[in-house]
Each structure stands twice: as C-alpha cells, then as structure tokens.
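Let me begin by presenting the structure, written as structure tokens, before commenting on it.
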Amino acid sequence: MLASPIAPTVDFDADGEQHGFLKLPYSRDDSAWGAVMIPVAVVKRGEGPTVLLTGGNHGDEYEGPVALSKLAGELRAHDVCGRVIIIPFMNYPAFQAGTRTSPIDAGNLNRSFPGRPDGTVTEKIADYFQRCLLPLADYVLDIHAGGRTLDFVPFAAIHVLDDKAQQARCEAAMRAFGAPYSMRLLELDSVGMFDTAVEEAGKVFVSTELGGGGASTAKSVAIADRGVRGFLRYAGILEGDGQPGTERRTTTLLDMPDGSCYTTSNHGGLLEMCRDLGETVTCGDVLARIYDTSRTGVPVVEYRARRDGIVVARHFPGLVKVGDTIAVVAIVVERDVVVAG
Amino acid sequence: MLASPIAPTVDFDADGEQHGFLKLPYSRDDSAWGAVMIPVAVVKRGEGPTVLLTGGNHGDEYEGPVALSKLAGELRAHDVCGRVIIIPFMNYPAFQAGTRTSPIDAGNLNRSFPGRPDGTVTEKIADYFQRCLLPLADYVLDIHAGGRTLDFVPFAAIHVLDDKAQQARCEAAMRAFGAPYSMRLLELDSVGMFDTAVEEAGKVFVSTELGGGGASTAKSVAIADRGVRGFLRYAGILEGDGQPGTERRTTTLLDMPDGSCYTTSNHGGLLEMCRDLGETVTCGDVLARIYDTSRTGVPVVEYRARRDGIVVARHFPGLVKVGDTIAVVAIVVERDVVVAG
Amino acid sequence: MLASPIAPTVDFDADGEQHGFLKLPYSRDDSAWGAVMIPVAVVKRGEGPTVLLTGGNHGDEYEGPVALSKLAGELRAHDVCGRVIIIPFMNYPAFQAGTRTSPIDAGNLNRSFPGRPDGTVTEKIADYFQRCLLPLADYVLDIHAGGRTLDFVPFAAIHVLDDKAQQARCEAAMRAFGAPYSMRLLELDSVGMFDTAVEEAGKVFVSTELGGGGASTAKSVAIADRGVRGFLRYAGILEGDGQPGTERRTTTLLDMPDGSCYTTSNHGGLLEMCRDLGETVTCGDVLARIYDTSRTGVPVVEYRARRDGIVVARHFPGLVKVGDTIAVVAIVVERDVVVAG
Amino acid sequence: MLASPIAPTVDFDADGEQHGFLKLPYSRDDSAWGAVMIPVAVVKRGEGPTVLLTGGNHGDEYEGPVALSKLAGELRAHDVCGRVIIIPFMNYPAFQAGTRTSPIDAGNLNRSFPGRPDGTVTEKIADYFQRCLLPLADYVLDIHAGGRTLDFVPFAAIHVLDDKAQQARCEAAMRAFGAPYSMRLLELDSVGMFDTAVEEAGKVFVSTELGGGGASTAKSVAIADRGVRGFLRYAGILEGDGQPGTERRTTTLLDMPDGSCYTTSNHGGLLEMCRDLGETVTCGDVLARIYDTSRTGVPVVEYRARRDGIVVARHFPGLVKVGDTIAVVAIVVERDVVVAG
Amino acid sequence: MLASPIAPTVDFDADGEQHGFLKLPYSRDDSAWGAVMIPVAVVKRGEGPTVLLTGGNHGDEYEGPVALSKLAGELRAHDVCGRVIIIPFMNYPAFQAGTRTSPIDAGNLNRSFPGRPDGTVTEKIADYFQRCLLPLADYVLDIHAGGRTLDFVPFAAIHVLDDKAQQARCEAAMRAFGAPYSMRLLELDSVGMFDTAVEEAGKVFVSTELGGGGASTAKSVAIADRGVRGFLRYAGILEGDGQPGTERRTTTLLDMPDGSCYTTSNHGGLLEMCRDLGETVTCGDVLARIYDTSRTGVPVVEYRARRDGIVVARHFPGLVKVGDTIAVVAIVVERDVVVAG
Amino acid sequence: MLASPIAPTVDFDADGEQHGFLKLPYSRDDSAWGAVMIPVAVVKRGEGPTVLLTGGNHGDEYEGPVALSKLAGELRAHDVCGRVIIIPFMNYPAFQAGTRTSPIDAGNLNRSFPGRPDGTVTEKIADYFQRCLLPLADYVLDIHAGGRTLDFVPFAAIHVLDDKAQQARCEAAMRAFGAPYSMRLLELDSVGMFDTAVEEAGKVFVSTELGGGGASTAKSVAIADRGVRGFLRYAGILEGDGQPGTERRTTTLLDMPDGSCYTTSNHGGLLEMCRDLGETVTCGDVLARIYDTSRTGVPVVEYRARRDGIVVARHFPGLVKVGDTIAVVAIVVERDVVVAG
C-alpha cells in the first residue's frame, strides 16, 4: 500500500511540548501547491502510555475543540508520565467551515475509516489516523456532540464489544470521564466509524456526545474539561490527587437496546418538541408535533414515544424533513452512580 | 404611491375562521408567473379590537411560528370578541429557507420598513404590513428569538417611547405576556424596524426574544403559548377566567441602558463561553475566550464583562468572527414581579 | 439626467446593412474593464418608417432570437424602404444564460422600464431602449414565448388602449402578423413593461407568445418568420406581392377579460395536466391534478376551470409550487378570421 | 458483500395495499441523522407474478411519476392476481430537484448499476434495486421520457437480446404497452444501465420514451396510463375484458440500426430545428441550423440528415453546445401494427 | 441626512499611534449581530496637515495593502508633523475575498461615491469616506493596481482639473511619488469615483496603477514604499533629508488623450499578447491574437494598435471575452524627467 | 478492461492535416445526450516518429494552449516527416473554465493517471491518454506554467530516471527545447502524474514551467514557440536549417535536490515577496513577509531562504493561506549552456 501523503511537523518521539501540523498536500484551483495543515500538539515525558485525544471528527461539534485547544495550551511535559497526542480538529476542513462534513469532498470522517492514502482528502485523513496514529496509542478519547442538527444530554459512551476485558477497560474509562450520563451502545451499523477502527485495534476507547446545536456552553465545556482530565488520570498519564476536577460526582447509566428508541419523521414541516432533553417519557406520550408550513388550519401531525425512558437526543433545527430523526429515548439502567471522588 | 401588489385571499371583514394567503406575484427564472404565498389566518367575531400576531419576521426564529401555527389551528370565532390576524411566517421566503434574511434578495425584513410597493420582495412585504395591515390593528405582538447565531434568556420587551401613555400600555401588555424576563429597551438605532413602524402608528406593541440557536424547545414554546394567550386577554379579545395559562407567575425586569452592555469580538476563532445565559456577572469577569483555530499553543484571548448584570444574550455558533457580538449583559431592575395570577 | 453609458458601434443613420453591438461597460470581478456587448443589426435604405424588432426580452424564449437572427442575416438594404433595427437578444446576459432574468442582477427586463442610466445592468438596458431606441421607431414588434416555465398556444397580442386610433393600428398590425391566435389583452398590471413604454410613446406595438418550454420548433419558428415579414409589410418597409409568407391564412380572436381566466396553485407537487393547450373546456372541468411527492396513497388535489373557453397557457415543468399559475383559459371571440391572402 | 443500508417500511410479502418508504440513511450537514425516503407502494393479492413498475429513474421525466402515482392511489388488492411493486420516483433526490441526476452526488442512476452498498447515495439505490428488488420481480417496466434537454416521439422499447425467447417476451410486452411508436434498439453502450441489469437477470423488460422537455401533457400521460394497464394485463396481473384502455389501437415499429441515426453538434449557439418530431426526412435534408449568439450577420451552420427516416428525438433547449445530440432519425419498420383491441 | 452607521474605534484627534477599526454593523444570516471591521491606523503629532492613505479600493490590488500595512506598523508619532490616516483595505469585504468588488453586494467601491448611509455595505463605506474622512484630509493618495484581470506599467496619475492651481499641486505630488511612469488623464467618465469625490472636495489627490494580475512583486512594492514616503514628504509630514527612498530617480510622462488608446475585443477566446507592457508600438502593429477555443485550424483573429505609443495596460487572464479591453496604448510626453534627488 | 468511451473524429493513420475532436460522451443535467469535445489536430506525412504535444493539462496555464493552437493552424503535412499529434487543451473542461482542475469533478488531470474508462470525466481523459495516445507516441512534450496561483522562471524539465539512456535522451530533448532555464528534478511524489505515465512507457519526455499567474506574455509564448520547434527538430520531424527559432541561445541548468528548496507558509495573510523570480538568494535572506489582514500594527511574520540559490517559483496571489508554498529556491548547476545554434 502507498505511504500516507501526510507528514507531521512534530516528532512524536521527542520529550517536551510541541505544537505543529499534520501536513496534507492538497492541490486545488486556489492553491496549486497548497496543503491542509491540521494542528497537532504532543506533550511527552519519558516512558509511559500514549493517549490520543481527538475533537472535530465532525466539524460542527465544539466541546472537543475547546477543551483540547485549552489543554494543548496548558499541559506541560512535567505534568505527564508518557505521551499525550492532541488533535482538536480532526476533520480540519470541516471544522474551518463549521460543517459536519468536509467542504472539499463532502466526506463524513466518521464514516470514512479505514480510509485510503490515494483517496479524497477526508479518506487521506482517515488513513493517517488508521495506519500512523492508532498504532502509537493505548487510549483514545474522541469527543463528539450533536453538531448543528442534533442535541444530546451530555454522555460518555462505550460499545458492547466481543472482548469483554476490553469492554470493561473502556467502561472504566467512561466512568473516569465522569459525564452526567454514561451510555452503553449496541451499535447497529458501525461501518466506517473511527470508533470501530480504534476498538478493532484493541485500544481503550471512549466517545462522547456532550450537547449540540453547533454551539457549546460554559457548562458543556466544563464537562469536557473534567472528562479529559479524568480520562488522562485513568490512563495513568496525569496524577490526580487534590487536583481540580477530582471532586466527587455521579453519572446516570443509560442503554439504547434497539431501534424502538429512535423516532424518525415521515413528514416535513415546522417542528414542535413536546418534551425536552432529559425529561422522562412514557410509551405513547407525544414527543413532537409537526406543522404544515405551506398553510394554516390543517391538522397537526403527532409523533409519540415508542418506549419508556428519557429523551437523550433530539433534532435541533426548527424545521424538519422527511427522514430526519426527531428524538431518541434511552432506558435508564442506574441513576447516581459515583464516578469520581 | 402605487398600490401594493399583494392581494389577500381572505376577507379581513368576515366573521368566522379563515385560512388563506397573502399572494405576492413573483416572476422568476423557475416560475415566470409564480407568487410568494404567505399563509395568514383570521379569526373574527363581531365588533372589538384587532390584534395582529406575527412570527417569522426573521426566518430562523421558531417560537413565534410554532405558537402561532398552533393558535391558528385551535382558535375558534366563538372564543374571541373582535379580530385576531395571525401571520406565523412574516418573511416567508426566509422562513422556508430557515435563514434570518430572504434568500431572494438578502432582505432583513426588520430593517426594511416602511418598504416599497415596487421594491424587492422583502420591501413589498414590509410595505404591505405598513400600509395595509397596521391600519387594521390596535395591538401588535411580534415574536422573535435569537435565530441561528444568537441565544437569549426568554424575555418580552418594550421600548422607551416619547408618548408615555402609549409606553405604559405597551408595558402593561408586556407584563400580560408574562415571560420569565421583561426588558425595557432604549433602542439606539431603530431605522427600518417593524417595531418603529408599529409604535409610530400609535399601536400597543410588544416584541420578544424567547431563545435562539435556530431551534425551539418545549419550554420556550410554552412561554410563547402562554404569552400569546396573555396578550390576547390583555387586549380584551379572549376571556381569561380559569383558562390554561392564567396560573400565577412572575418576571424579572431588565434594562440595557447603554453600549457597555455589549461585548464585540475583535478576534476570529473558536469561542468558549465562560458564563452561560442567565448567570450573574461582575464587571471584569471573563465572559468568553477565543482560541486560534490555525494552530495550538498560542495565547488565548479573553473578553471581560464591562458592567455588572446578568448575561442575557450570547453569540451562539462555536466559531466567532471579527465584529460579532459575543455577549450582552443587562441590568436587573427588579426580580419576581408578579405578572399573572 | 445622465447620458446612457451604452454606446452603439453602428450608425443608425447610415444606409446599408450593419452588424454591430450596443456596448455597455461592465466592470466586474472577472473583467475590470469589460463590457456587455448586445448584438444589433441595422438595415436601412432611404427615407421611410423605422421598425424596431426585438427578441430575448426574456432570455429563455427562442422564436424571437431565431427569427430575428435569420432575418438579420438575410435582409438586404435593397429589400427595404426605410429602416429596420433588429435586436434579437434584448436582455443579452439573460439570453446567454438561457434564463428569464439576468444572471448579473436578477433583472426581469420587461419589468424594468423606464430603467436608469446609473442603475443595474438590466436597468441600463431598459433606459437605452426607452430614451435612445424608442424615439427612433414608428413600429415595434417584441417577440415573446413562454420560456422554460410556461407554454402557450401561439398568439400575437395587443392591449386595450385609451387611444382607440392607436389601438386600431396595433390591431391591424397584429392581424398582419397572422399568428394562429390573436389576443386582445386588458393588462391588469403593466408597471415596468416594455409594452407600456412603447405604447405610451405612441408607437404601433405588437407583442407575441409563440410557444414555450425554453425551446422552439420548426412550426413555431415558421409562425415567427411569417409574422415578422407580415409586420414589416404592414409597416410599408417590405413589399409583399407574391412573396413567401403571403399565402392566405386565418387567426382565432381571443380575449382574457378578467382574473377568472387564471388558475393559481395553492399546492406544491407533481403536476398532471388534464387538458392540453388549445383544448376547449367548460367551467368546472378538471384542468389539472397535483400529486404529493413525499408519499403515495394520499388523495390527489384537483383544479377545475373557472370559466368556458380554450386552454391558452399552462405551467410547463412537471413539478409545481404553491403560487404558480397552472393554466389560463381564454374566451374565443371569433374563429377563422382571415389575416392574409 | 455488505448488506444494503436501505430498509423498506413495507412488507413485500403481505397482501393488501401498502404505502411506505425505502429508507436510506444519509448523514449530511443539514441533518446528521437524516435519511432519503423513497416512496414505494405494494399491492398484492395471493400468488401470482410480480411486476415492478418504475418512474423517475431520471429525475426530470414526468410521465412515469404521474402515471405511477395515479396507479398507486387507485389500484386495489382485489384488482390484482399477484403483486405490483410501484416506485414512481426511483432516483428520488433527483426527482425532488427536478434534475436528471442526483443533486447529492451528480449520479445518473441509469449508469450506476449494479451499484454499491457502501457507495454514493445513487449507487446505494442502484444496489438495492439490483440485489433486493430485481429478485422479487418477473416483469419490469421502466418509464422514461426525454427530460429537460431532450424530446421524443412517444415509444416503448426493447433491446436486441441474445436470448431470443426472452426478447420475444419483451417484444410482446412492448406491444401490450401499446405506445404510438415501438422501438427495437441495438444498444451500443449499455454499461451501468438498469435495462441491462434487468435483462441480464432474465426478466421481461420494457422501457419507454414518452415525450420530454421536463414536462408531461394530458396526451403523453394518457399513453403512459394505458401502457401501464396493458403491461399489467400482459403479465396476467390485471384482467382486461371491457376495461378502460382496452380499445383497439396501433403502433409504428421503428429501428435505430447504427450511429448514422444520430446527429451531434460541433457548434455551440442558438438552435433552429428545421424538422419537428415525427416528420419524415430524406438523407441530406436540413435538420437544424445553429446561429452565432455573439453577433449577427455571420453565416449560419446547417446540419443535415444522414439517412432517411423519421425524426424521433431532438435536443430540446433553445441553446445548443458543442457535443450535444441535435436529433435522432429512426427507420420505420412497419406502420399501423395493431397492438390492442 | 442620516448619520453614518460606521463608528471608528480610534480617536482621530489624539496624538500617538493608534490601531483600530471602522466598525460597520452588518446583520446577516451567519451573524445576526455582526459587523464589518475595517482596519485603520492613525499616526499623529501636533498640528499640521492630514494625509489620507488608502489601498484596497478594489479588493484584488496588492501594492497599496502591502505598503500601507508596512507603513502602519513602522511609522511612529515622533516621525511625523501632523496626521497620517492609513486605511490599507478600503473595501474590506472585497479585500478579504480577493476580489475587485464586494462579495456582499457586488459593489465596486470606486463607482459608489458619494454613497448612502442607508444603502448597501459598499455604499455605506463610500458615504463614510465622503462625509467623515475626506473633510479631515488635505492630501489623499489612493493606491491602485490592475487587479486579477488587468496589468499595468507602474504609474502615478492625476486628472486634468478645472482648477489649474489644484491640478498643479496634484502634479507636483505625483512627481514626488516618483513612479517609473506618470500619467496625465482626461477621465471620460468619472461618475461615482473616489477620485472625483476627493478632487471635488479640493484636496491634493494622486492615484496609481502599480502592476496587476492580483499579485505584487518585490519591485512593485518598492515603488509603492518609496512613493508613499515621497508623497508624505511632499505634504510636509515627513522630513526627507538623507532618508531611504530619497535617492535620485526619474519618471516618464505619459498621456492618454482619447478613446483610440483603448482596444476592445469583439471576440472571445484564447488570448496571445504580441507586445508586452512597456513596449513601443506603431499604429497598425499586431497587439494581440485571439484563438478559437472550440476547435483547432480556424483563422486567428488579430487586433492592431490604433496609434503610436507604448503599451501601458493589458488584459491579464489567458482567456478573453467579448467586450474586454485587450490593451491600452499611451503617448509618451517626455522621458527621464527627474522626480527626486 | 472496458474500452475507452472516448472516440476520436480524426484518423490518426491518415496523411495530411486533420482538425477534429476526442469525443467523450457526458450525460448531465443540462444535456442528457451531451459530450465533452476535446480539440485535436493531427499532421502527418509518411513514415517517421510520432510526437505528442500537449497543453492545458492544468486548465489555467496558457503558453501551451497558445503555442499549440498556433502550431495546429500553421503546420502543414509537407513540413513534417512522421506525425505530430497536437492537443492544446488536455483537460478541456478545466481549460474552458480557466481553472486548474475540472469543474465537472474537481479532477487534477496530472494526478489522475492511469485513469479509468468508467471513472469520472477526468479519469476517462487520463485513461484515453494512457491506453490510446501514449502507445502511438515516441516523443511527448507537455507544456505547463504556474497557473493562477504560482509563477515560475521559464524552464524545461526532466526527471532523474532509472534508465539512464532514456534520461539522456530526455535531457537532450530538454536542451533542444532551449528554455532560459533547464531543470533536473528528483520528483518526491510522482503518483498519478502524466509525466510518470509517459516515462514508464519509455518515451522521450520533456515538461515545462514557462511562467504563470494565469496569463501568458509575448515573451513567454515566444519561449514556447521556439521550444516546440526545437523539440520537433530534435525528434527529426521538422528540418531545422536556417529556420526561425534556430538562432543561437543558452540555458541555465538548475537542480532542486531536496525539500529545503521549498518554503511553506504556516500563516495566512497578505503576502509581500521580498525577492522576485530569478533573483539570487543566500540562506537566511528574507524571502517573504506575511501581514495580518484583520488589523494593523501587529508584528509581521518573515520567511527566510533555507539554502543558497535562485528563486524559481513563487506563490502568485496577493493573499496566502496556511499550507501554501511561498517560494522555491533552486541550485544553479551551470550557467550559459549553449542549447541551439
């Protein structure tokens, strides 16, 4: 297979703090000899595990980029035992455009793994993570949110894995992240996901959904900040005693066992959510109404919950199209589980 | 002056419930003999005052469209004394596109008054409101929110007016709306606003900001639903005894006395809000940080509050550009003012 | 008022055949010192009347451009007594783009009169016709068709004018054009039309609708070819004895007395025309059906004729939007009126 | 191979009438968890053959969508013996946009077979037809027209096949369709076509070209309506005695033996068709002229017929580009062949 | 008249060096409460004349922006006697986009004077210069180049003015600028130009054309650097003895007396310039050839010089359209005129 | 493998001069049965070698298209011994758009080899060159320039090849081209290049960079004209005695041995080149400065030469982005090498 065209300007093996780029040559109409320059920071001291921290896998999700930009600016080599690789804006062209997918090739990075070295720009990025960065890492944390079109209660998540020991380590890492909610996912279609690539490589992997709408809040960023520190402590890279973010807190364990958690719209129109994120619903409750936008006075369409649970995700924009996911209802497995203290 | 090219398909003088259109001929490449058809509902019984209810003045604000679509579908002639004219989607081309301004002419309807009958599509809409609808109305409620790029604590608002008797009626109507917050505004630049057009015509006028981000929630729609009913009761169109939405509630009175309430960004980058909407801040507190998106490891820029107060508005998207308003801090005049009961 | 920025490269006073341009300076991103160059031909011999022949007033209507390009290539000075000014592509930027309106400024030339010398490109073109070309002309023929979004039975048309002597001359010229149908129009809204500008200047004016859909056929071009020759003979510029196009033919006189001729769609969807152009309909007949395009199995919407007559115009594309004109039904005044022989 | 990501919301094995969707998950900037929802109707009663009826393979061809939307709304289970699967809008994103190809990926569905389950949206649709729908079908009818850029005399068509028994069944089905013209095609390049996929699967297959220009007429839809019923009767799914559409009618058999049937333009400009669809031409006749659109007075370019026959197809728009097919001349094999009675 | 909506963040009356913005509120879909922030620098010490230095009047011309950005970073208050106002990027939205005109409103700033306070963004900028900045200035230097579509020999220029004393001061300032060429222009159409606004206000005004193609070179920037310093020395703001840029140099005086200097293309195609900038030509020499791009082997079109002189301007891009200016030939009035020493 | 869908309208085996097209069928929204028609000329007499001359590999580079359009119009069969195949605009859709890559598929033709017969339009073109044209050729000259975003000193170039005999022939051909500079390249990444395809096929291959900026000059075209003639003489196709272009001239031999020749920007902003093309630099010299475009008064960023040499390439536009190549410095191997006489 061809070598990746991406060249890092940092030395992953050097101790200290480095700030550089993953340089991806990209010839185009407005720059014949141009490049996509993906920022990367490496903080390393001595031997120890490697943690790969990523944000911006989708370009319109902001808790990861904020928390990791902040961490990259604050973390010093003397704080760590081992190595932290920080890539706050994975799909950098998408991040710059503020869009889920890349404006260059419409690529959804999280559906592009394992990628191709001679593919599109997005495929080249996936390939570099797959073949160059993943082999360096022991622990991987990929911070997502809902982006401009979805909104979530804040949760960290792991998948049900065949390797139960690996799953247990992931689950412990998820608790160390310490989000208000913690989700166990049985992914129905995991083709092309970074998650799958990382898990198949045997790494300890946690992903998150920390809000959405294409914005972040002081509150959601605080969850990410604490979560990243917790994850690093879990990995043994950071010490934790008496540090900020080590105060006692709890999480609610959730599960999404099957497709009845999802409500898909068969109608386009103006969306009225009748239940907000985090609210408890009973099977049959009205979740949302959709109004005709071409005229007034016609009957409204109602969508009802198909199971008991809490609303963990919703369609964010005020207009909805046929085929959009309106809401997701998850089952509460256990409340008030202590995750740090 | 030319007559308006807009023709309504409803009879504003007829009793009963009518659902129709404001038909605006619009010849264009994809329809030589086409029209913009703005939905309108009229509910009328006998003599009495006229209330004009509007949403979608900006096309990406949803509490107005939802509450008014719902009202248009539910309100019956036998419920009212007088007339209610409901236009849920004022700048209809913008509303259909989900954008603040019109995709046809980039027109910001709320900066286009008094409009022109031979102007752009947006100017023709403004002219029709100015010359045809305003003369019919005694009370006008225009429901706004922050749209895709701003977010607000939910408030109703009136302006400081020269005619203090008119201002007092507006203020009473604002309290009848009963939002969690109520704002008294000294508008610095009111050129072209619908607000100004209505107030100069001597009407009782209330506007609102009920949320933002280009979405609505069950909570924000509930504020709009109750507010519309309260406004109609204040106008004497609806009876109020023992009806839903008449339970006791309170508001917090706010003021934005001068330009120091506003924080404008002189930097572009990744935005971290350090205070959320509704939080109390002291002059000098860090309101937001902006991170460089071209690289890691460079100093972050901080923006600080320029006065004491609470955060009432914020830039919504995760990225910010030079010149964007980052946040607005308002003064609390009085808390827990009872507005209904 | 400012002088027109448009400069012709032909001499309108010179005898002979000339082919040149109306040069309109147009500075833009892709040509700082560029110009719109509108082709024009002038054929002149001695003294006599001036006929102005125009096509491409809307850029997606083709019988005019074809017939006038052909005429400009064939007509010789020795054929004429007087002057023929031929502008096959009036709104040239629109014609080049194949669109009704100008891609530069979205200008509908036929709604831009009298224009402005310091306005948009379309307004500058209108101004040049208004102030520079119309004063030269005695007879004006403006050849239209339905463009990409409308289709018509082929007719020439005149307007009901206050000056009945002028109207009679126009009507005689319309018959001399000799289209299969001839329409007497009471224009409800004539603001900004070239028609109005010409008629107010006291000229003999005929316009046409010769087909549509953004195409022309051998048959529709033949109508235009014969019509142009007939119009020139009526003006006394061409001699007619024994020439091609002087064979006997007849027309059907039509009238569109009021708004009930028009059927506007209140629904968007997939259009089924139930009557074709030229067919006779009775009030109440189903003219068209509109199918929901988001799903199958829902009731179809029917639109019915609102008066007796024949179908003279229809929405052309297979999809229809709210506000589009679906069809026009005109009254037959008289059939088989002889127009040439 | 991967499973198709498309899930139907109907049960193809259930008796009765069902209206649902082929749901294709499609994550994109304006809907992270969205889907393309392709309408599908299934009408089934007992055992019997399965007919697959498709329209909208190209998104700007309307006889298929209209006739199949109508059929889906009218056909009842008690009318049929066997199963009818109706998909009026195959390339649904293209159909919604009114364009030949998909606005998502520029995919021409009829050049995308056999498709890929992990390809573009268009390739996923092709793959679903190839692997999931074709195995269910015994008879397939795919209704085309010329779309916005071509126009055709109305014909049904079959291909010359290696399996002469299969070809004979297709030919019988073509006659049962009963279009005014019936074409036998020797397809020179059939790579990627739905036609090829169906024929290689051994099905009885008929396709059509029923008009064009991006519109349909009462007349062309009537041909489709009758043709679909005739095809269903041929398949034994519908009974035919004394039903509407069973009156006697005839077809003209055509053939397109080689490349001399096609006339390609080597010039761009304004197109004048000199012969209309259905007209008889002799080798050497002028088929079309092309005028320079940059100036008047230059020699016109003529294109002549390269064989005797009738004009069966033409470039539709009024402007033509280098490389466009101007016209197609087919050979008449036999006229007035009786196809139903 | 309305006040300008533009507010400066600098105090034009304060001594010292200031760097700030002209803040123009601009509400739009992607920032409801956004602003255009035009950088401005003010360097002032005590009393003395005011010089206004501008670049980026057209957004794709770079010598002005480079030289003025450099000057703004280097100039100290103790260097000057009086005031220097530096606006390197006048039409800032155009400059950011790298285009001649504004991407917001297609506005050509240099054709928008005197502007309007309630007009488009470009008109608001023009109005602010007209009514707020020009009254502050005694001397104005506006640095242009050819932009992406033109290229020039480097010259400074003044206009023939009615006030000969004013013209003489401008001419002296032009010589002080000291470009390799110096042009005396009889502007044929000066409507809307900044030049006209400045000259009518009675200021000493010099403009330039220093190269083009949308790039600058070390050589062309050096001309601008020296020219700006020379202009400031002429105005008495900078002292000049023994400073860099005061070495002896000469200029060639040019004149463009009438329209025969310009060669406009009547053909579109591939451009071959046969003479380069600065070359001497004789009337009748071939200046350029245009090749057909649709095929090979057709005759080439030649354009010839219409007078003797030197080539001072050319169409820059490799493709040319009908109406583009191909080249400009100017008359040499005098060579080797000493301008500094 | 599939046959190429491209069909030539010329006969490569016929003697004489032929002008035709490579016809590539391309079905699209605006022409269902359209084609890309790539102009090609063939000039042949008797037996002898075949030279393939190409321009427009990138669509915004003009010396090749001009020189080859001219040659195609001038070269006669009696001038040659053998065959010359001239394709002035290889990536024809890109050339028509004036862009580096194809507007159809964003394809960079020079990174698309060996192409695919069932791929995108650009891949189909590559495949046709790879499988149909290259086998016909003995000598290949591909004329490049910098395009709109790069500018070069004029050079011909060859690559370091494994086959030293082949390399020697290429080097001799490069000298025969006789550009002012001649470059020996060690290509670091040659995947997908036409160069590689030609060299691997064992042909004598020369490429060039003759200027840039998206324009050509009389001077740069003269280099191309002479170079093409010299190349043809070297191949033995043209005789050379006493012909134009055979005057004595010299070249400077250059080398780019490693990545330190390249300077990439890590900053976006306004570019000031401090050294122009062809200037000699010493390691450490300031090559360029980049100014912040969001404000004045901040420190400028400097980029310095990383080795001694001459500046052979530069970023052309006035604005620069992170990742763009700012400049290339090459080593002078030998000056004033005589290449023709």
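Order of writing sets the labels: A, B, C, D, E and F. Residues in every chain begin at 1.
Just so we're on the same page, a residue touches a chain if its C-beta (ideal position, glycine included) is under 8 Å from a C-beta of that chain, and two chains touch if they have at least 3 such contacts.
Remember, it's a predicted structure, so these values are computed and weren't measured experimentally.
Within the contact network of the assembly, the step distance from chain B to chain D comes to 2. Looking at which of B-F and A-D shares more C-beta pairs in contact, the answer is the pair A-D. Looking across B-E, C-D or A-C, the pair that copies the E-F interface, with over half of its contact pairs the same by residue number, is C-D. In a homomeric contact, the two copies may use the same or different surfaces; for chain B and chain C, under half of the interface residue numbers are shared, pointing to different surfaces. Between the Cα centres of chain A and chain B there is a gap of 34 Å. Centre-to-centre, using mean CA coordinates, chain D is 59 Å away from chain E.
The centroid of the Cα atoms in chain D and the matching centroid in chain F are 44 Å apart.
Looking at chain C, one finds that residues 21, 37, 60, 148, 266, 294-295, 317, 322 touch two or more other chains. Every pair of chains meeting the contact definition is listed here: A-B, A-C, A-D, A-F, B-C, B-E, B-F, C-D, C-E, D-E, D-F, E-F.
By the touch criterion given at the top, residues 17, 19, 21, 37, 39-41, 60-62, 65-66, 69-70, 72-73, 86, 88-89, 95-96, 98, 148, 151, 213-219, 221, 270-276, 279, 289, 291-300, 316-319 of chain A touch chain B in their complex.
Across the interface of their complex, chain B is touched by residues 2, 5, 21, 23, 25-37, 118 of chain E. Within the complex formed with chain C, the residues of chain A that make contact are 266-268, 294-295, 322.
Those residues of chain F lying in contact with chain A across their complex are 58, 60, 99-101, 106, 108, 111, 146-150, 189, 191-192, 264, 266, 315, 317, 321-325.
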